[in-house]
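Read from first to last, the chains carry the letters A, B, C and D; within each, the first residue is number 1.
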Amino acid sequence: MPNEPLLTVQSLTVGYGGSTALDSVSISIYPEELLSVVGANGAGKTSLIRSIAGVVRPLDGEIRWRGVDIAGFPPWEICELGIAQVPEGRELFRNLSVEENLLIGGSLKRARARRSGNIQQVYGLFPRLLERRLQAAGTLSGGEQQMLAIGRAIMAEPELIMFDEPSIGLSPSLTRAMFDIVKMLHAKKTTILLVEQNVADSLSIGDRGYVLENGHVVLEGTGAALLTNKEVRRAYLGL
Amino acid sequence: MTSLKGPLINRRVAMKGAVGLAAATMAPWVRAAAPPPVKVGAIMPSSGILAFPGQSCVRGIDLGAKFARERYGVDMTVVHADTQSKPENGRIAADSLIQQGCNVLIGAWDSGATISALQAAEAAKIPMVVHIASANQVTSQGFTQVFRFYPPAATIVRQSLAEMKALVTSVNDPPKGAVVLHLSNTMGTSTATSLDAAWKELDLPVKLLEYIPYDEKARDLSVEVAKAKASGADALVSVTRVNDAIMIIRECIKQAWNPKLIFSPNGNGVPDKAFYDALGKYADGAMSSNLWYNPKGEDARTIVDRFQSTYANEWLDANSGCAFEAVQIVADAVVRARSAVSSEICAALKATDLKPILMYSGPIKFDATGQNTGAAVTVLQAKESKPHVVGPDAIAEYKARYPLVPFEKR
Amino acid sequence: MLTLWGNVLASGILMGLVYGIIALGLTIIFGVIRIVNFAHGAMVVFGLYVGYCAGAWWGIPTIVAAVGAGALLFVFGYGLETLVVKRFVTRPHHIQFILFIGISLVLSGAQLIAFGPDPRPSVSHLSFETIAVGPIRLDLARLQAATVAAVMILALAGFLKYSTFGRFIRAAADNRLGGLMVGLPIPKIYATTFGIGAACAGGAGALISPLFDAQPFLAVDFTLLAFVTVIVGGLGSFVGALVGGLTIGLTEAFAALLFAPSLKSALSYGLLMIVLIVRPRGFFGAKET
Amino acid sequence: MQKKRDALPDRGAVLGCLAAFAVLAMLGGVLNPYLISLLTIVFLFTFIGQSWSIMLGLGGQLSIGHALFVGIGAYSVAVLNIRYGLSPWFGLVVGMALAATIGATLAWLSFRFEVRGIYFALLTIAAAEFSRVVFSGWEFVGGMQGLFFPAQSGPNSFWMLRGDARFYYFVSLAAVLLGVSATALIRLSFLGYVWRAMRDDEDASRALGVRTFLHKILVVSFSGAWAAIGGGLLALVQGSVFPDSIMGMGISVDILVGPIVGGLGTAFGPLIGTLITLPLDHLASAIGNKFGIPGLNNVGYGLALIAAVWLLPDGIWPAIVNSAKSITRLSWFGNLQMEQVKK
């Protein structure tokens, strides 16, 4: 593992109208790493992703991308740096066709030139999307929508993909398929930040992990170490 | 409540009494000198939806004040107030002007603001000369301070139809049927109602075929004109403001309808500059009856020329004309009263018997309700992109042309 | 009789298309930014004045004036969004309402100062001409406006459907948060959309200048007219604007023919209420607000 | 975001409030007629504005067609008084009943079909414009020619609600006091608590057993009846009713400016806001006239409105309260400020 982290979050504080979602959180992600951040509902996981993406403006703290503080950058500039996300609830463009969703994902300057090639790649990865490429995104099934959200992120040729609860609302078999895709992307040397409520599965594939609780980081370590941690086992795995 | 307002009223009454007393004791010197300085408050809708006539009135007032200073030697200051075309502001404007020391008011163009302003005038016993406002109620609601130069709609219509009758009985091939296209607003409805009565009363030899009312905010009159054309009428009687007057003529041209006569009794709009700007040669021949300046009056030429040199891009129209005349009525009263005290001006206004300065009218006299009994209309016809007086005969600049030249032959 | 009916039908259709084009700008802005531009009417009147100046001062044909007015208002709308409206996009409706009332007052006041209250007629031969198709007479000014409306809608639809930026606009309209997450330049998209909406209002204003004489306080009437049109058709939909315009145009035409003309606006407001109550999103409105 | 009911006001706050009104009442005895007329209109618009403010600030329903209710009230008073010589009090009661019924019907129809948010606002415009056109064509109520009250002569009569300018000053001031008390009482009452809960989260309050459908109808109908009283008084003060002016878009817009600028849903916001905006409008108009540039007032007023919503998003009154809170006993008034209205 190289020494320089790709992304460092330093004492990040995020709040909405008086209530605090993240309180002085610090994490770092190293290149080509699969980092799992787990926590219960309302622990601040989504706030973490959204503030890295620039959708939510942090109250305090630093977000360093290759050493540059990007906190407060607008989302489109952050995307242009190579940070993509597969958001919670997918946030697709429901009235646009599958192909249009992908085209929009690939409209960033960093990837625009190779857009048509990338589309073929996504179709190769998810043949179902090719079948439905002219269908409106809103008419797809849950699993297909998740594929599209991932495909849209891939179109940006990101260096870091952030997954926000990719397993939510999916059947166990689809969930497994989803984690397989995450692993596959990881194998292709993409850095991944995986945020999950599904503690067991995500920690088991993660190189390292953090546990968030009420806006604080309470534990950190390798995925395997966390899985065997007594507290984690009691609080999250019901063991 | 009474205890709170008691002292103030007493003080006001006392003050007024003192002024009156002073005037009375000073009388010997004052009477010999020029009329005292007087402050005139003008309430007009200078902004808002009625800004068009409102600003036109403001021009008439300003020119009228200049003229009155020279003619009567009255040291007259005009203070303007804007109602923003909202009735509730009439009273505020009036009170504001009274507060600024105005001895007499002129206004307020629309009946709503006029009534509202009259309440303030009534309370403060400040006379108000209503230059324009056509609702009957302005003089029928018991206000004692009102002096209305403008005649009620019924009077205008009866006089207009009398003129129209004179015209159609004197020409060959008179029109057989008429259709009435009228606005459904205050002015339009009252005019149309009077029209119906006066038409029967005067027994016009033209058959009234149909009434077609339309909304003030109409954006399109094509169907209305198509209906009028389909009625088989060969005379168009219209009651309009300027925008719809233009729209109607445009539609007549587009639908190739060539009535022999186009006549607008109480015709706002047809004598307006915009009508001619919009229609050019197609405006010619349209007739309207209106309060208008007397082209043969002694001072008319001078006043019109002065207006033209002051406001190069505007016309002296009915609005500015009536406002001008209202200022002269006030000046005349001030001279006769030799006083700037409102009650004395009011008394003098009651005794007005003035030969009109600019407008065509009989002698201006106010009856017990405050209505000018001398008001009279003129008939105008458009010729070479200007309205000209064609009736009554005594003041006509030209003889009315009949029938109209079909639009496509112009 | 048949001729009368034919003419009324033709006039209703053409006027309906004119209403449609007047309303287009309102619907575009709502569709993407989800704000109701209550200053829409003032922008239409802005276009009317451009049409007036072009015709009366420089003798420029209406259609050229419309392009000019469109360009001018695009810049105005783009600037207005960037400087002011942007800050109000996420604010409650009533705050936006006051904002646009303020903007509308400023525009109307400026027009009153610049041109005075007199109606300003555009001097165009179109104001007086018709072409005859059999016994039916088609109003040339309306025909021109309707044709341009059709072309404009096709062009806009094409732009939105096939160009990259058009796709961005549709995506932003569809899901603003999703747009932010994939890095769409939302401020630029919103400003451009507002510009396009304003340009449509201005262009429409110039196009209809042979039909309506410019006056500052027509703004409220045009705003209300545009509302009626787009709500009947469906706020946010292009086709809706046209269908709404046609519905209103035909209703008004036949109401004027069959009932009292002065009640025709009551009829269109009545229709509007029924549509709002029974089908609040209009004929073609987007499902989700 | 406070969800608990407002604390009861302490005696000092109530006394302070009464003192303010006493000062206004005393001013009624000494001010010149111009200020009296101006303030009368300010109070009437405040009173109508309060009704509008209740509907949005506490009930969460945006109306841009409040002129409908104002017009109904004005016409009820005018028709019964002018046509039948009945006391305006009857007119006010009839107007309230009519406006409440119309409001309830409109609300019932809209909420039954899930018309909400901006669509409800647009529906109120349509309803107001529809009735404006209908009243324009309705001969019985005077049509476009309107109805006129006879000139006031003789002593002030509380029974006939006719009197001089000062009389109307006190009547409208009393109305505002009534409005302030009503707003404060509703806020403190269970009803106000329910309405605000419903405004903030309709689904949640329904889940808690609030019959939101009924309450929404209640808010609209209550606010409509209130506005109708204001309309009746306005008709008496201006001496005439015309459909265009009393039921037009102009009234709907004019009444909501004050409350928004002053502070929505608060007891004092509408008063403070209208006290600032309406005289400002008149001042701008006077300045425009002085320089002979009509239209300047529209530009100035428009800019002021933009500035107000830009700089003071919650309104002037909450801003005053927040800055005064720490030093005075105004804390109770602080409770009266509006929580952010949700979209």
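Note that in this section contacts are C-beta pairs under 8 Å (C-beta built on N, C-alpha and C of every residue); 3 or more make two chains touch, one makes a residue touch a chain.
Nothing here was measured: the structure is a model prediction, and the numbers come from that model.
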Can you name the chain that lies farthest from chain D, using the mean of each chain's Cα atoms as its centre? A
For the pairs B-C and C-D, output the one whose chains share more C-beta pairs in contact. C-D
Using CA atom averages as chain centres, what separation in Å is found between chain B and chain D? 36
Using CA atom averages as chain centres, what separation in Å is found between chain C and chain D? 32
I'd like the Å distance between the centres of chain A and chain D, where a centre is the mean of that chain's Cα atoms. 51
Two or more other chains are touched by the chain B residues 47, 51, 54-55, 184, 215
Return the residues of chain C touching two or more other chains; collapse runs of consecutive numbers into ranges. 109, 112, 117, 216, 260, 262-263, 265
Note the residues in chain A that touch 2 or more other chains, in rising order. none
Once bound in the complex, which stretches of chain B touch chain D? 1, 4-5, 7-8, 46-47, 51, 54-55, 80-82, 84, 86-92, 94-96, 98-99, 111-112, 115-116, 118-120, 122-124, 135, 137, 141-144, 184-186, 188-190, 215-216
Residue ranges of chain D in contact with chain B within the complex: 25-26, 28-30, 32-34, 36-38, 41, 133, 136-137, 143-146, 148-153, 156, 164-167, 170, 234, 237-240, 242, 244-245, 250, 281-282, 285-286, 288-289, 294-295, 297-298
Could you please specify the touching residues of chain A with respect to chain C in the complex? 53-55, 74-76, 78-80, 84-85, 87, 90-96, 100-101, 103-105, 107-108, 152-153, 156
Can you tell me which positions in chain C touch chain A when the two form their complex? 164, 167-168, 170-171, 174-175, 177-187, 286
Using the touch rule from the top, collect the residues of chain C that touch chain B in their complex. 1, 4, 7-8, 11-12, 15, 56, 109, 112, 116-121, 123, 127-130, 137, 139, 211-213, 215-217, 221, 225, 252-253, 256-257, 260-265
